[in-house]
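Labels for the chains are A, B and C, by order of writing; each one numbers its residues from 1.
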Amino acid sequence: MASQISRIMRPDDANVAGNVHGGTILKMIEEAGAIISTRHCNSQNGERCVAALARVERTDFLSPMCIGEVAHVSAEITYTSKHSVEVQVNVMSENILTGTKKLTNKATLWYVPLSLKNVDKVLEVPPVVYSRQEQEEEGRKRYEAQKLERMETKWRNGDIVQPVPNPEPNTVSYSQSSLIHLVGPSDCTLHGFVHGGVTMKLMDEVAGIVAARHCKTNIVTASVDAINFHDKIRKGCVITISGRMTFTSNKSMEIEVLVDADPVVDNSQKRYRAASAFFTYVSLSQEGKSLPVPQLVPETEDEKKRFEEGKGRYLQMKAKRQGPAEPQP
Amino acid sequence: MASQISRIMRPDDANVAGNVHGGTILKMIEEAGAIISTRHCNSQNGERCVAALARVERTDFLSPMCIGEVAHVSAEITYTSKHSVEVQVNVMSENILTGTKKLTNKATLWYVPLSLKNVDKVLEVPPVVYSRQEQEEEGRKRYEAQKLERMETKWRNGDIVQPVPNPEPNTVSYSQSSLIHLVGPSDCTLHGFVHGGVTMKLMDEVAGIVAARHCKTNIVTASVDAINFHDKIRKGCVITISGRMTFTSNKSMEIEVLVDADPVVDNSQKRYRAASAFFTYVSLSQEGKSLPVPQLVPETEDEKKRFEEGKGRYLQMKAKRQGPAEPQP
Amino acid sequence: MASQISRIMRPDDANVAGNVHGGTILKMIEEAGAIISTRHCNSQNGERCVAALARVERTDFLSPMCIGEVAHVSAEITYTSKHSVEVQVNVMSENILTGTKKLTNKATLWYVPLSLKNVDKVLEVPPVVYSRQEQEEEGRKRYEAQKLERMETKWRNGDIVQPVPNPEPNTVSYSQSSLIHLVGPSDCTLHGFVHGGVTMKLMDEVAGIVAARHCKTNIVTASVDAINFHDKIRKGCVITISGRMTFTSNKSMEIEVLVDADPVVDNSQKRYRAASAFFTYVSLSQEGKSLPVPQLVPETEDEKKRFEEGKGRYLQMKAKRQGPAEPQP
């Protein structure tokens, strides 16, 4: 059974140029995914549970969405393993005055059912019924691939973003930014854990500030790398979301975003890395055309290493597309 | 003692043309009503309770409110029966630059006190003191009339809104819309039930999308039919708010809105109809003049029946007004 | 004519212990002040204007406000000079279940009318009518005193908050925190400038995170030092709000908060200091009793200097109160 969310985009959902923030779209995608997977995991009699976001696969923002348009977010369960659910989400923008509809996003999310009685207990997922036999086999392959990648990235990104006094323009230090957020009740599920979508929205917010500081123009999210949620974030935590630029191509910027959670009131638990991802942004002119971006000047050894890694990811994506060299804004 | 709420209207409260959404106003009306009736029901020593919205009488939007204006919402208790409270609410808009004040709404709401210990228990309401003797008798008549009407509408609107592929313009299927909302903590009272005002705001949002899709212009709420709240909606429910056009006159559109609640986590409880109402919208030109609307083309037998019923309600209201043929935008 | 704002306190307005954030209260205070002073400054025929917040005098939080209570904020104009308006605001909390009302705040705010046509032009304020003759003279004294103090503080706090790697607990570096915020449409007046109340809410948010990090308990705002708004903040700016602890007494913590605005999109304008203030917090036990706080360990010369200055302010306030040694939570 499919799930659908629709709502009008409001001034607060967008930047000053009227383009809806990528983070707002990511948050709606996650809400649709959470509804359909929680409903599915509770569809058989048994222990009650809530579906927690574990991972979002890489997603491109294919077309901008504007204030006044209606976003239609539809979700469908495409695969279930013993303990996880794969959800496919599509986002369409509709201009209700002209009737024009556009595909803006396709995303794949993975959820895990946590017991309502004991949130550290992962429950079993009722199997989904496939319409074609191959679907199960294809899903299993995607499941194995993401499992492998999650393990790899678990240990990546150990370091933190350290400010530097009086940085030069176009350096990493110049645009890097951190945001702290005290997790409030409305950020959370009934369990008292932060919705994955709330975290992603904050990640996009920081990435957008880094990009705007670097190129001082109107910027929009072009794509988001796979996001892994290493650990739950509880109500009352202070989360620090840090962003730093890692790579620039002619017309795109890659920004690494790290999320650390600090259970301030609970002394027994240390600060931990909760999530991380790479965001790609493009710079737009007043007319909405993509602009060249100032080239990033990596200074330290670490910055140079990250720049090369970013270049690798960029060239790989470019090869995959086999087409246009730059992300489509 | 009267209760008053005032606040400045912000960009997020309004549509792109700067007119405040009817739903924003309905939400403020309900907040004022909830404050005064909860205060009254706890004014005698006894079991603590919270006032839950049971019904809103038909209300007209007499004058538009704009961004930057201050909304003044004042509430007064006008009648009490053994188990319910009638609240009269007036809304004024104030332009603080020019000093102009306008009456934008008059609304009548009915509340029922629910015990804080056991939300299924309805408590007794302390009697209100009337300044004129006739007030009690007039109130009793209004009470009996709404009681009768609530019973009738309880069984109406059993059906649901079903999407149709590739609908033609001006048909019911073309503009019908659904919105799904996961009920979060900040939508709820201390009891964990959704505020009536939150539900009404979402209902107006869906009705507005239906109206905009149908006539592709700037549209505003002209009036809302009586809204009955059949049942409480708990925190953690997913609510589906569906809207479909039922009738068009020369210059107005009637949209039926249905609210269904789905306790996704609790399998023991089925999806149920929580509220329903008819919204009337008008279409405005850039200059704010009311425009003719495209005529609705009912296709199925049900649609034709609903169209005739809508026409009946329209003619009845027109006769009651004995004056201008069309709702005043 | 007095102005009044009332609304119910929701989960989103409070910390996990259910106490409403000081910042939420400051934001309501400012909204009430902006309404009454904008209304007054436009009360005579002439150029239209909007009242911009210039300064908030020191204010104590006398009693906590909780979720579910109704906040009543009332504002009154108490003095006018040629170009500025003094507004006195009182905040009461009402428990609508028990009927209990408490004074939670008294605040004094200063506004300046800016022309709607040219926001750099300050207009003249229509004179207010005093009921007692002494009021004008008393007001003039308050006006002169704040004018003097504003000039002095204009040049204070030139420095910025610099993070330090691996700080020790109880040091300034350990708890210092920064928050970045991209100014959106709903943060702004019709002019496109940030509401003073929005800035104060963010300042309290940062101060609260600093206090929670330092003492790892439930903390509440006890008082706020005078806040001066040195310069307007435009829509589209990125603002950095930084907080660092300056002083601890046995049961209170003083936190300095600095607000810097960065017009990212406009290259011609540099980052500037927009506001600054000192917040005092107390630590509360589960039962709401005030707890001793860990003593701050100043390390650098600057930190020691700021600690002594904080001690001076603390002793001065204590002497003024001539009563209990600690702020009343």
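Going forward, contacts are C-beta pairs under 8 Å (C-beta built on N, C-alpha and C of every residue); 3 or more make two chains touch, one makes a residue touch a chain.
Molecules present, by chain and UniProt name: A, B, C = palmitoyl-CoA hydrolase.
What you see is a predicted model, and the numbers here were worked out from it, not measured in a lab.
Superposition of chain B (palmitoyl-CoA hydrolase) on chain C (palmitoyl-CoA hydrolase) using C-alpha atoms only gives a rotation of 180 degrees, nearest 5. Under half of the residue numbers at the interface between copies chain A (palmitoyl-CoA hydrolase) and chain B (palmitoyl-CoA hydrolase) are found on both sides, making the touching surfaces mostly different. Centre-to-centre spacing of chain A (palmitoyl-CoA hydrolase) and chain B (palmitoyl-CoA hydrolase) amounts to 36 Å, using the average Cα coordinate of each chain. Residue positions 11-12, 185-186 of chain B (palmitoyl-CoA hydrolase) each touch two or more of the other chains.
Residues 3-8, 10-12, 31, 34-35, 38-39, 42-43, 48-50, 67-68, 70, 94, 96-99, 116, 185-186, 188-190 of chain C (palmitoyl-CoA hydrolase) are the ones touching chain B (palmitoyl-CoA hydrolase) in the complex.
By the touch rule above, chain C (palmitoyl-CoA hydrolase) contacts chain A (palmitoyl-CoA hydrolase) in their complex via residues 11-12, 14-16, 162-163, 165, 177-182, 184-186, 205-206, 208-209, 212-213, 216-218, 235-236, 238, 262, 264-267.
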